[in-house]
Amino acid sequence: MADPMKIRTTVGAEYTEVRVLMVHPMETGQRKDSGGNLIPIHFIQEMSVKLNGKTVLEGQISQAVSRNPVFSFRLKGAKSGDKLEIAWLDNRGERNRTETAIA
Amino acid sequence: MNPFRRKTLAALALLLVPLRALAAWNKEAFGAKSAGEALKSLGIGASADSKDILIEAPQIAENGAVVPVEITSNVPGTRSIAVVVEKNPFPLVAKFDFSESALPFVKVNVKVGESSFVRAIAEAGGKYYTASREVKVTIGGCGG
Amino acid sequence: MKRLAVVLAAAFFSLPAPAQDAKKEIEKYQRMINDSSPAELFELEGESLWKKPQGPRNVSLERCDLGMGPGVLKGAYAHLPRYFQDTDRVMDLETRLLHCMMSLQGRSREEATRRVFGNEDKPSEMELLSAYIAGESRGVPMQPGTKHPKEIAAYELGRKLFFFRTGPWDFSCASCHGEEGKRIRMQDLPVLSEPASARPVVATWPAYRVSNSQFKTMQWRINDCYRQMRMPEPNFASELTNAVNLFLTTTGQGEPYRGPGTKR
Amino acid sequence: MKGALQLCMFAALAACSGLPEKKHFDEKDFGEIEALMMRDFHPRGSAKMDRIAPDALQKACNLADNAPSPEAAKALEAQQFSTIKFPSGNLMGDWKNGQKIAQSGRGLQWNDKPGAAGGGGCYNCHQLSPQEASYGTLGPSLLGFGKQRGTSLEMQRYAYGRVYNAKAYNACSQMPRLGYSGTLTEQQIKDVVAYLLDPASPVNR
């Protein structure tokens, strides 16, 4: 599957809700494939959310976050058109970065 | 691939992670086998139970692979929230640091190995506040 | 409508208190996984597949007629399964997609059905396309074909198959989906021969399954039920699977489609 | 009071206003359905095509919508009872293995490895031990089954027979015939009997 990071923003009265959907297997290293051998550990470790270039949220996460992670955050004072940037880094050094404007 | 080789590969992979990373991933904390150890490695001291930490999670999850957890901290000045599933093999699930305009709120789907308490620990002004909810994990389907 | 209220009231009061809490908590779980579900990813992927030229003729599926005209997607899923003049058969979504893969794209049945059920690492074409096309019927009341003689015959056949007990464990579909308020382990079992219980099911399939991070279709659902009934494997897109699908969808007709759903 | 009265009256009316539930099958359906299934199914793993045709019991239950007349039920149950092979002597095996069998839903499925131990899938439909919260409700709760009924040889035979072929006690029961179908071996059924009756089993604690 391609790796689109699907971001949806909803501007509300008190805050803007940001919902991000990432494509990642988040393997725990305990799971076996159909051949019966262990699938190596593989998960997103770090993620960050930037608003207009400034980091507003940094997360350290683990293989205990579900596959195809879905996060929701709330930003105060963000208005439509503001630049939102979400990035992640996994334990194999793979990265993904997606930029979007707040709806 | 035998377990020994997989372990060394995993360890190697960790070394490759560039030093200047985002919030550096706390290897000890996430490798800790007990909640207490994990929090100590994060530098989190004793935490007071607080009703200002709200945890929204299903009491019964039909499947432990995806348990939605929503955490809100109403303690003023909250700068970080750690999420722990006490009975997981590695209890520390995630830690979020908030700054600038991000509110101390997060919603994330987590894996709960077996019925357990899900605990949130918030940090504000150098003090720690905590709350927890029990999540019962059940087996759906015909088990076959 | 009144009769429905009486039936529902009876069903609700008959549950002992703890079971009611368990039922409420499981419904909360379902609500929460629904609004934070990766199902959307499959819809996006399905859209690009719908437009992707494939097969010996190297054309996309965008001219495929799902019953409302070539390429018309809005509400098409909500009107399936139905009778199709060109093939003289009752067809559900996956059966119709297979027809278009063969007739438009020139692909062989063997190649197009080699991998109809995927896994969490690689969903199948049918799963991705079903996610996208079903999503295009959101809000449209489910209204399968119920008037054409072949639709009526398929419905009757589906109904008989639903109650037909055979195989080493003597099961029919009704063995599990036949009695109100029952469950397997913690899994509630809707009575699929009753409109009130069938509607929410029909309105949320196909669906993303959190337990194995896979997107599942109706053909898979019927296939996997027969596996657990200890029966041989039903042929993909066969008359039998279409009859069962039409019986279920007709029983649950009228509910606005609100899928693709997210399930256990 | 008037409202309640009206509600019951209305419910009764509603229940009988629809046509009596049309019988699902009549004799001629069987040929047609079996032919269709033989065409639209294919064998896979251990699941072969000989599983398509319903046997005499299944046909009787299909025709009677699972509610045969008392006489017909008695005859079916007697016939099914004759299929049970009761081992001699003690019928209580090892409850620990019985618990594994009760938890396992495997057995006779096309994806079950050939030769792998079958499961009883008991927790799919029954409550058994108080510790297991994830139990089904298609069958009655068996909590404290042995505590209430004791472990007499006669009770062991009843439990053994019921697991081996449930239709010997209730002609059109939805409980699979676990012994008759070859899903569970004689020893496995003894272990399940122990799980049900043995005072040490969590079912009875």
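We call the chains A, B, C and D, going by the order they appear; numbering starts again at 1 in every chain.
By definition in this document, contacts are C-beta pairs under 8 Å (C-beta built on N, C-alpha and C of every residue); 3 or more make two chains touch, one makes a residue touch a chain.
Predicted model, so just to flag it, every value in this text is computed and none were measured.
Student: Does B-C or C-D have the larger number of C-beta pairs in contact?
Tutor: C-D
Student: What is the chain whose Cα centre is as far as it gets from that of chain D?
Tutor: When every chain centre is compared against chain D, the largest gap points to A.
Student: With chain centres defined as C-alpha means, what is the inter-centre distance between chain B and chain C in Å?
Tutor: A distance of 36 Å separates the two centres.
Student: Please work out the Cα centroid separation of chain C and chain D, and write it as a whole number of Å.
Tutor: 28
Student: Can you work out the whole-Å distance between the CA centroids of chain A and chain C?
Tutor: Each chain reduced to its C-alpha mean, chain A and chain C end up 30 Å apart.
Student: Taking each chain's centre as the mean of its CA atoms, how far is chain A from chain B in angstrom?
Tutor: 15
Student: So which stretches of chain A touch two or more other chains?
Tutor: Those would be 66-67, 70, 72.
Student: What are the residues of chain D that contact at least two other chains?
Tutor: 105, 107, 109, 123-124, 133-134
Student: Find every residue in chain B that makes contact with two or more other chains and list them.
Tutor: Correct list: 65-67, 70, 107, 109, 138-144.
Student: For this entry, which pairs of chains touch?
Tutor: After working through each pair, the chains in contact turn out to be A-B, A-C, B-C, B-D, C-D.
Student: Show which residues of chain C lie in contact with chain D when the two form their complex.
Tutor: 2-3, 6, 10, 19, 157, 159-161, 163-172, 175-176, 179, 181-186, 189, 226-228, 230-235, 238-241
Student: Give the list of chain A residues in touch with chain C in this complex.
Tutor: My answer: residues 1-2, 4, 6, 19, 21, 23, 25, 34, 66-68, 70, 72.
Student: Touching chain B in the complex: which residues of chain D?
Tutor: Touching chain B: residues 103-107, 109, 112, 119, 121, 123-124, 133-134 of chain D.
Student: Could you pull out which chain B residues touch chain D in their complex?
Tutor: For chain B paired with chain D, touching residues are 115, 136, 138-144.
Student: Touching residues of chain A toward chain B in the complex: what are they?
Tutor: Residue positions touching the partner: 15, 28-29, 37-38, 40-41, 45-49, 51, 54-67, 69-78, 87, 89, 91-93.
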